[in-house]
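In what follows, structures are represented as structure tokens.
One chain, chain A, links the two complexes that follow: it is found with chain B in the first and with chain C in the second.
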Partner chain A sequence: MDLKLDHRTEDRLTIVEVEGEIDVYTAPRLRELLIDLVNKGNFHLLVNMEKVDFLDSTGLGVLVGGLKRVRAHDGSLELVCTQERILKIFRITGLTKVFGIYASVDEAKEAHGKDK
Partner chain B sequence: MATVELTFSALPAHVRTARLVATAIARRTGVEESLLDEVRLAVGEACSRAVEAHRAHCPGEPIRIELKDDSGRFEVTVSDQAPSDEIKQEQPLDLGMLSDSFMSGFGIAVIAGLADDVEVFPSPKGMRIRMSWPAATNGHLR
Partner chain C sequence: MTEETETRAEGVAGIRDVVSIRLPAASAYLSVLRTATAGLAARLDFTLDEIEDLRIAVDEACAMLLSEAVPGTDLTAEFELTGQEMQVRVEVATVGSSAPKRDDFAWMVLTALADDVDAVAPSQGFPDRMAIVLRKRRGAAQRTAGPA
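Take a look at the complex of A and B:
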């Protein structure tokens, strides 16, 4: 399956919807989108991974790159993910300590609202 | 001992094909369904690493995968021809040190976390990553 990307902004939070496989072939498209969003002043990003079928370390690298970019603007990049097979790669790499990971978009929005 | 071999040019688009082939053969060999995601991810990591290495050093050379049903184990070996005489040591996670393309050393760490048994053989003539998982002795790769 290819990668489908979409995004919308609610309040000050930009929600990036990702569907499909994030690997060495498709990850550059996600990287471009994250860079574009940051360049346009969107510094609080929420990446919804609930429809991601596959994620490898290239995809992790793109997410880490996005996090570095938003943090340079005192922003945030958090994730929505409940799929065990995707969460496993975050645990193996220790990135669960780096990203805020939520069970739903609503839960992440609520947490983001409290932080404002 | 039955073997399937696959060679592909160093293009990111082919990594998905390699993952699909490896997963299909793992299933046919009798690897448990619960392990197939790990096989898919580990083989994908090994192939991604090889593709990146070839693109940097020898883009015209093919990457080779060998899939074996070996005495109740499903064994995958990914071989590249890019020089790799050193592997970066694992370091504590520091966001400042990580870049978008930090996957090289990280990929191997992911494989080590996924495969039941992993050996990495770096050399100036290329790297070979061998990994294996338990398979049913009555697998069908024969």
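Take a look at the complex of A and C:
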């Protein structure tokens, strides 16, 4: 399965929908999208990973890179993920402490709204 | 892609097969190798969690090697299946590379998900080959790696 990417903006939050497999082959497309969004002034990103079937360390690197970019603009990059097999990779690398990880887009939007 | 299967011996202990897969050393083929890994692990009755661990571990090992591989060459993966264990050796042709890096996310994930990992650096005998060998046993206690 390839990687499908989509995004929309609700209030000040840009929601990135990711579907498929994020590996060394597909991760550059996600990287390009995140860079493009930041370059266009979207500094609060929410990456929905509920439809991600596979994630490896290359994908982690892309997300960390995105986080660094938005933080340079006092922004945020948070995740929606409930899949244990994906969360496991974040735990192994200690990144559960780096990213805000929510159970749903609504939950993330609510938390983001409180932070505004 | 070429694929070869060799049955070395099969006795009371059960399966002991070797499966070799050769594909272009290009990231586009990694999903093919992950699928093959899952199929072979299922043949050994690994649990779903163990199969997923192996898919990711093989992917990480290959991703590490691909960054050092000579363009246009092949990546070879040799799966040795015994009754309780799968050993996977992935290898590429390289030029002027040292050992795979051990201080990045890829190595962290790889060593957490496999039971044993060896990185085989280019050596005097094989100056242009780099390999990673990983092993996973069925039912082995899951290592708790990294903070929860």
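The rule is simple: the second predicted complex is superposed on the first by the 116 of 116 C-alpha atoms of A that agree within 3 Å, B and C clash if a C-alpha of one lies under 4 Å from a C-alpha of the other, contacts with A are read in each partner's own complex, and residues count from 1 in each chain.
Rule of thumb we're sticking to: a residue touches a chain if its C-beta (ideal position, glycine included) is under 8 Å from a C-beta of that chain, and two chains touch if they have at least 3 such contacts.
Keep in mind the model is a prediction, meaning the values are calculated, not measured.
**Student:** Between chain B (first) and chain C (second), which does A:104 come into contact with in this model arrangement: first, second, both, or neither?
**Tutor:** neither
**Student:** For A:68 in the superposed arrangement: first (chain B), second (chain C), both or neither?
**Tutor:** first
**Student:** In the overlay, answer first, second, both or neither for which of chain B and chain C A:96 touches.
**Tutor:** A:96 contacts chain C only, not chain B.
**Student:** Hey, is it chain B or chain C that touches more of chain A?
**Tutor:** B
**Student:** Examine A:60 and indicate which partner it touches, taking first as chain B and second as chain C; both and neither are also allowed.
**Tutor:** The answer is both, since A:60 touches chain B and chain C.
**Student:** What is the contact status of A:24 with respect to chain B (first) and chain C (second): first, second, both, or neither?
**Tutor:** both
**Student:** Regarding the shared-chain residue A:85, is it in contact with chain B (first), chain C (second), both, or neither?
**Tutor:** It touches chain B and chain C both.
**Student:** Can you give me the overlap between the chain B contact set and the chain C contact set on chain A?
**Tutor:** Residues 21, 23-25, 54, 56-58, 60-61, 85, 89, 92-94, 97 of chain A touch both chain B and chain C.
**Student:** Would you pull the chain C residues touching chain A in the complex into a rising list?
**Tutor:** By the definition above, chain C touches chain A via 27-28, 30-31, 34, 49, 52, 55-56, 59-60, 63, 66, 104-106, 108-109, 112-113, 145-148.
**Student:** Show me the residue ranges of chain B that touch chain A in the complex, using the header's touch definition.
**Tutor:** Against chain A, the touching part of chain B is residues 12-13, 15-16, 19, 37, 40-41, 44-45, 48, 51-52, 93, 95-96, 98-103, 106-107, 109-110, 113-114.
**Student:** Under the touch definition given earlier, write down the residues of chain A that touch chain C in their complex.
**Tutor:** 1, 21, 23-25, 54, 56-58, 60-61, 85, 89, 91-94, 96-97
**Student:** Can you tell me which positions in chain A touch chain B when the two form their complex?
**Tutor:** For this pair, the touching residues of chain A are 21, 23-25, 31, 54, 56-58, 60-62, 64-65, 67-68, 71, 85, 89, 92-95, 97-98.
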